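Chain IDs A, B, C, D, E and F follow the sequence of writing; residue 1 opens each chain.
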Amino acid sequence: MLLHMSTWKEIDERLKSSRTVIIPIGSNEQHGPMGLLGTDWLCPEIISHAAEKEGDLLIAPTFNIGMAQHHLGFSGTISLRPTTFMAAIEDWVDSLARHGFDRIYFLNGHGGNIATIEATFSQIYSHYSYAAEPCPFIMKLRNWWDLPGIASLCARLYPQGHGSHATPSEIAVTFAAYPDFVKSAAMEPRIAPNGPIRDALDYRDRFPDGRIGSDSSLATVSDGEQIIAAAVKGLLDDVAKFQAE
Amino acid sequence: MLLHMSTWKEIDERLKSSRTVIIPIGSNEQHGPMGLLGTDWLCPEIISHAAEKEGDLLIAPTFNIGMAQHHLGFSGTISLRPTTFMAAIEDWVDSLARHGFDRIYFLNGHGGNIATIEATFSQIYSHYSYAAEPCPFIMKLRNWWDLPGIASLCARLYPQGHGSHATPSEIAVTFAAYPDFVKSAAMEPRIAPNGPIRDALDYRDRFPDGRIGSDSSLATVSDGEQIIAAAVKGLLDDVAKFQAE
Amino acid sequence: MLLHMSTWKEIDERLKSSRTVIIPIGSNEQHGPMGLLGTDWLCPEIISHAAEKEGDLLIAPTFNIGMAQHHLGFSGTISLRPTTFMAAIEDWVDSLARHGFDRIYFLNGHGGNIATIEATFSQIYSHYSYAAEPCPFIMKLRNWWDLPGIASLCARLYPQGHGSHATPSEIAVTFAAYPDFVKSAAMEPRIAPNGPIRDALDYRDRFPDGRIGSDSSLATVSDGEQIIAAAVKGLLDDVAKFQAE
Amino acid sequence: MLLHMSTWKEIDERLKSSRTVIIPIGSNEQHGPMGLLGTDWLCPEIISHAAEKEGDLLIAPTFNIGMAQHHLGFSGTISLRPTTFMAAIEDWVDSLARHGFDRIYFLNGHGGNIATIEATFSQIYSHYSYAAEPCPFIMKLRNWWDLPGIASLCARLYPQGHGSHATPSEIAVTFAAYPDFVKSAAMEPRIAPNGPIRDALDYRDRFPDGRIGSDSSLATVSDGEQIIAAAVKGLLDDVAKFQAE
Amino acid sequence: MLLHMSTWKEIDERLKSSRTVIIPIGSNEQHGPMGLLGTDWLCPEIISHAAEKEGDLLIAPTFNIGMAQHHLGFSGTISLRPTTFMAAIEDWVDSLARHGFDRIYFLNGHGGNIATIEATFSQIYSHYSYAAEPCPFIMKLRNWWDLPGIASLCARLYPQGHGSHATPSEIAVTFAAYPDFVKSAAMEPRIAPNGPIRDALDYRDRFPDGRIGSDSSLATVSDGEQIIAAAVKGLLDDVAKFQAE
Amino acid sequence: MLLHMSTWKEIDERLKSSRTVIIPIGSNEQHGPMGLLGTDWLCPEIISHAAEKEGDLLIAPTFNIGMAQHHLGFSGTISLRPTTFMAAIEDWVDSLARHGFDRIYFLNGHGGNIATIEATFSQIYSHYSYAAEPCPFIMKLRNWWDLPGIASLCARLYPQGHGSHATPSEIAVTFAAYPDFVKSAAMEPRIAPNGPIRDALDYRDRFPDGRIGSDSSLATVSDGEQIIAAAVKGLLDDVAKFQAE
């Protein structure tokens, strides 16, 4: 069930049987010479929407702009400042909790979001902690690449060149979902360098085409289909466990 | 051109010929017994994506959560607080301006967003005003229903019962784009009441099924197709004028 | 009754019979070559203080600095940033609501304030909306030029050259109230240009003497007296309706 | 010269010879059974406007709402939270500095404002201090009762019962300026108690009629006239020294 | 009892008999050519820890970074912006109040902190004041040099050259506690100049070696021992009175 | 070299040869029935001060209050809200960068700080990223237990019962440094439970004595000495690498 394609009465009805909601969350940022700018929000959207067709899930709209300050040196990147990102996540959670959702699950597509999302969870819980009141809901952050079964699959598909940004796996997921938007580009060097992540100008100096440690050109539509299938299964299992908590 | 389906190099290339970007912006909120929760962000997304197929536009990802505090009494509504909404819009604009965009056009789908978006424009401009520096970009807000040609079309299609929330026109647009999600419900009363908008509990008391002044059941797929066609034309004209400014 | 010229015991007493309070709110900003910098806060102050003499109103102190970032290119303009303006309005409202006022009416004198005041109302209501609690008071914004009877009077007095900033009507109101401060200046051009409002430097380029669309020199003391009389009547009627709600 | 009764061109002209501006700042809060709610902003307004008639001063509009959280237990008090107060002062200063004012003098009428105004000065200066840039203006806070000559005059007029809130001296100033609003009330006890200032309920418990340490009933119009005369002289001297710095 | 050298169970136990806690608070900032950067937080720490050995006190960890924007022109100074300082103090207080502490006593070592701490107290109390709820705790600010007995002792020890920054008394306290860190430097001029405190560059111009009005070289270990002994006594008395309130 | 035990001239001198500074950062929070409330800030302070005696390091004052909202159910815990923590870290960094430090190394003692510190680094870098300016300094976060050599040592010392909160290793470090404060308590159960970390009441329910997964009673002074020695070596190596970057 897609929340945004439902009426409020349908959500009211759903809340009688399940109080869990899944929020695909990502970022809109450069993904190297052949990756889509939307990759990081498209991946959790693709996976969660595919899972919704196979299981009994409620998927919220996609939270598509995250914390990508380090990518601002590349055109098309849109970032929230960490403090803005925190405020926005808090308002999403407060809205959903207002309706009675008590299991709020973020399926994340961007490594750069993790610290800020976790800091936000602490911020949200802290209101209850200072007030000595029980928080009526719980939150969970899961990166799609950490879903059960994904790491081993990617290791098998990409023994070399997986890297950590503009990875062939995330690009494959978008290619499988949007084959009309498959792009290609020469990778120079084939495997991109590694290094620390700091401000945008430093990033652009270290990683001239935007990739980190990856060979994006390994991505294929068929890989993407396998990854999506595995992630759907992993997500359904993971949400089931969360719901049962 | 859809920004999120492009690579950063494609955006870099585009910036050589055009520095205009369109942001579909809306809200995720109750739309009465048969309107989709996503109506207000789906409409500008539908219209701008349709226009992108016919003209030379660059469309940013959809800003899908807006200011809908008054709808929080209905399940599924997700709202940003005005101050959060302002901070988020500012970060989107700062990101896009960072790349050189100098015409930032918001195509809005939610009346409740207008005041806060305009206050944000003032906030953004004010940084330059206090510093006595020229602002290197300009921003424009346009509600899709204010695009040239739309008001007269809606008046013709719905001489009665158009109203102002969960209107047949906005619902028709979503039905035309997503015919698999056409819903129906009895309208009681057929035309919903009117009244002021305040906090969420007051709203729910005044407008028990969520609609204001409208008969949503007038919406048809075919109306939606006409409205989309008119809005596409209106948008292309309006953006052309903005670009020429 | 002027709140600031009363003791707390008198306000306590008043609250037993009426819980309505009127806040004159405006801006301190350039008003062209012959308009007073205080015009936008003087007008609602003049009108509400005149009305207080004729009806049973409680008038709060004047909120004299508003959102005028676009006028900062002209000496003497004092502006709050929108976010500051919002915080200040919220504190005024919280203070008045603390005492039991449940009808808080802002008589506004500056078009540039409107969006931010409305965004603030949403911010204030949102605290109740997220908490699922009823808001114990209601707020209303009324521009003095939108009071019943004013638009038609101004159209009659100034069939040409009324414009939208440094208008003869607002200047006439201040001249009628403060005849010792009547000023005159050559209008070049007689009717000022129109255009969009953005940052301060852009504003000064477009509107070199500060006026927008107006011929301030049409203002006379006698016009001002008529406008004040009409506005007093309009205000008393409008507040009575608000009180009865 | 009253800033708000001037045109921007007059302020432009003035800036050629003097870059000093005086801001009357106070609070709107209970002042016991016979003191006006506006006392604390009326006093600096009265004194500075009187001084403007005798010397060459430029007076800004009155900053009429300050930090009065502890008085919120008494009807009619309007307070800004300290953080809001700080933001508002900062925006006033930024606006005035934008025009080239480099001596910004606050004539204060409320003891409860002092700490927050000083903290704000630090906040404003800190932007320059972190940036290692010179601050192009200086700010000064002066309480009107600390102007040269006032303390000794008040000690002479009120050897007993001056106290620290709803003092006969401040009430006398307002009575002298607004003889139509002279009020009287029985003082019980004649001299109010002293004690610490904390939250609003604690304040109301300690100081049931609002006064602290004072016998407001000692105030006379003629005292007020003497105090105003002395304060005018003190202000002109003090501003002259500030200007010469 | 040192809070940070205790277990939570020991604090739980302590709360049964006393709900008072003392927070040493200061600043880390330049103290002239021979004063330690830590002087202002070391002094209240030294005094309170010494007092803890003689009386029944509970001492919190030291709040070591305060408001020192004006000292940022000198290497090693670390400052919080006033608004940050306020937020941090508020969180400390909220944490301690959460456990039931109802007497929160700040022993301050830095004059530059005073205004901001007092503004913070108002901010904290204001939450209760707007909500019309009693604040369950009280706060007190005491500068160590204002403890009973200190001013007269310092006047006796340093009839000349005490000054107001990098004073011989504060330096003597640190020397007595940390004799291994006794430093010396030529004082040029012997007694430093006086003047107003503004931004960092202005400060450095006025006070080239950092001192204000003082001759730091008067400090001796033996003075420090006397001052500490007097301050310990003063603190025990002062806290006893606060506790009894 | 301890920054707070130095004069500003000594820091000035030091900056000529090294622009690196180490900030011990932790938290003040419950550490089970026998761990000190200060454990998490004492450990990095102990280790860095020990290292300072053996190598050429500059150690800033200890940042002793961190993000510990989940521990607020236990007396003595003092926490900053994540947003406050971020603002404070930013001000520390801005202060140090103001003096020319370009390598800012946080030695962290609290797992709960990590996400918020990393989010803060992003916030700090983002100012430069939006402005398209190079950030003149780099920051590094290192948990002391992740220093080279520590994990293996702890695994050897505590093959069982190390856990993740109130661990024998961290308690041992404090015991070694402060043998007068060695405490003991019965561990029931011997090894504490594991589980997720949420709000304070949930935490207290899951972890009744405060420990997570650990047997604190394994801590000995002699272990602590070994761990400190290893950490000193690890820190010197790690900082040398950072400095060389």
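Assorted remarks:
FYI, a residue touches a chain if its C-beta (ideal position, glycine included) is under 8 Å from a C-beta of that chain, and two chains touch if they have at least 3 such contacts.
Quantities reported herein were computed from a predicted structural model and do not represent experimental measurements.
Common neighbours of subunit A and subunit D under the contact definition above: B, C, E, F.
Of the pairs listed in A-B, B-F or A-F, the one whose interface repeats that of C-D, with over half of its contact pairs matching by residue number, is A-B. If each chain is reduced to the centroid of its CA atoms, subunit E and subunit F end up 25 Å from each other. Distance between subunit A and subunit E, defined via averaged C-alpha coordinates, is recorded as 47 Å.
Among all residues of subunit A, those that touch two or more other chains are 72, 79, 81, 83, 95, 98, 130, 132.
Contacts between chains form some other arrangement here, matching none of path, ring, star or all-to-all. Of all the residues in subunit A, the ones that touch subunit E in their complex are 130, 132.
Touching subunit A in their complex are the following residues of subunit B: 3-12, 15, 28, 30-38, 41-42, 60-65, 72, 74-81, 83-84, 87-88, 90-92, 95-96, 98-100, 178, 181, 183, 185, 210. Here subunit E touches subunit A in the complex through residues 94-95, 98, going by the rule given at the top. Within the complex, the subunit C residues that touch subunit B are 67, 69-70, 72-73, 79, 81-83, 86, 112, 114-116, 118-120, 122-123, 125-126, 128-130, 132-135, 138, 196, 198-202.
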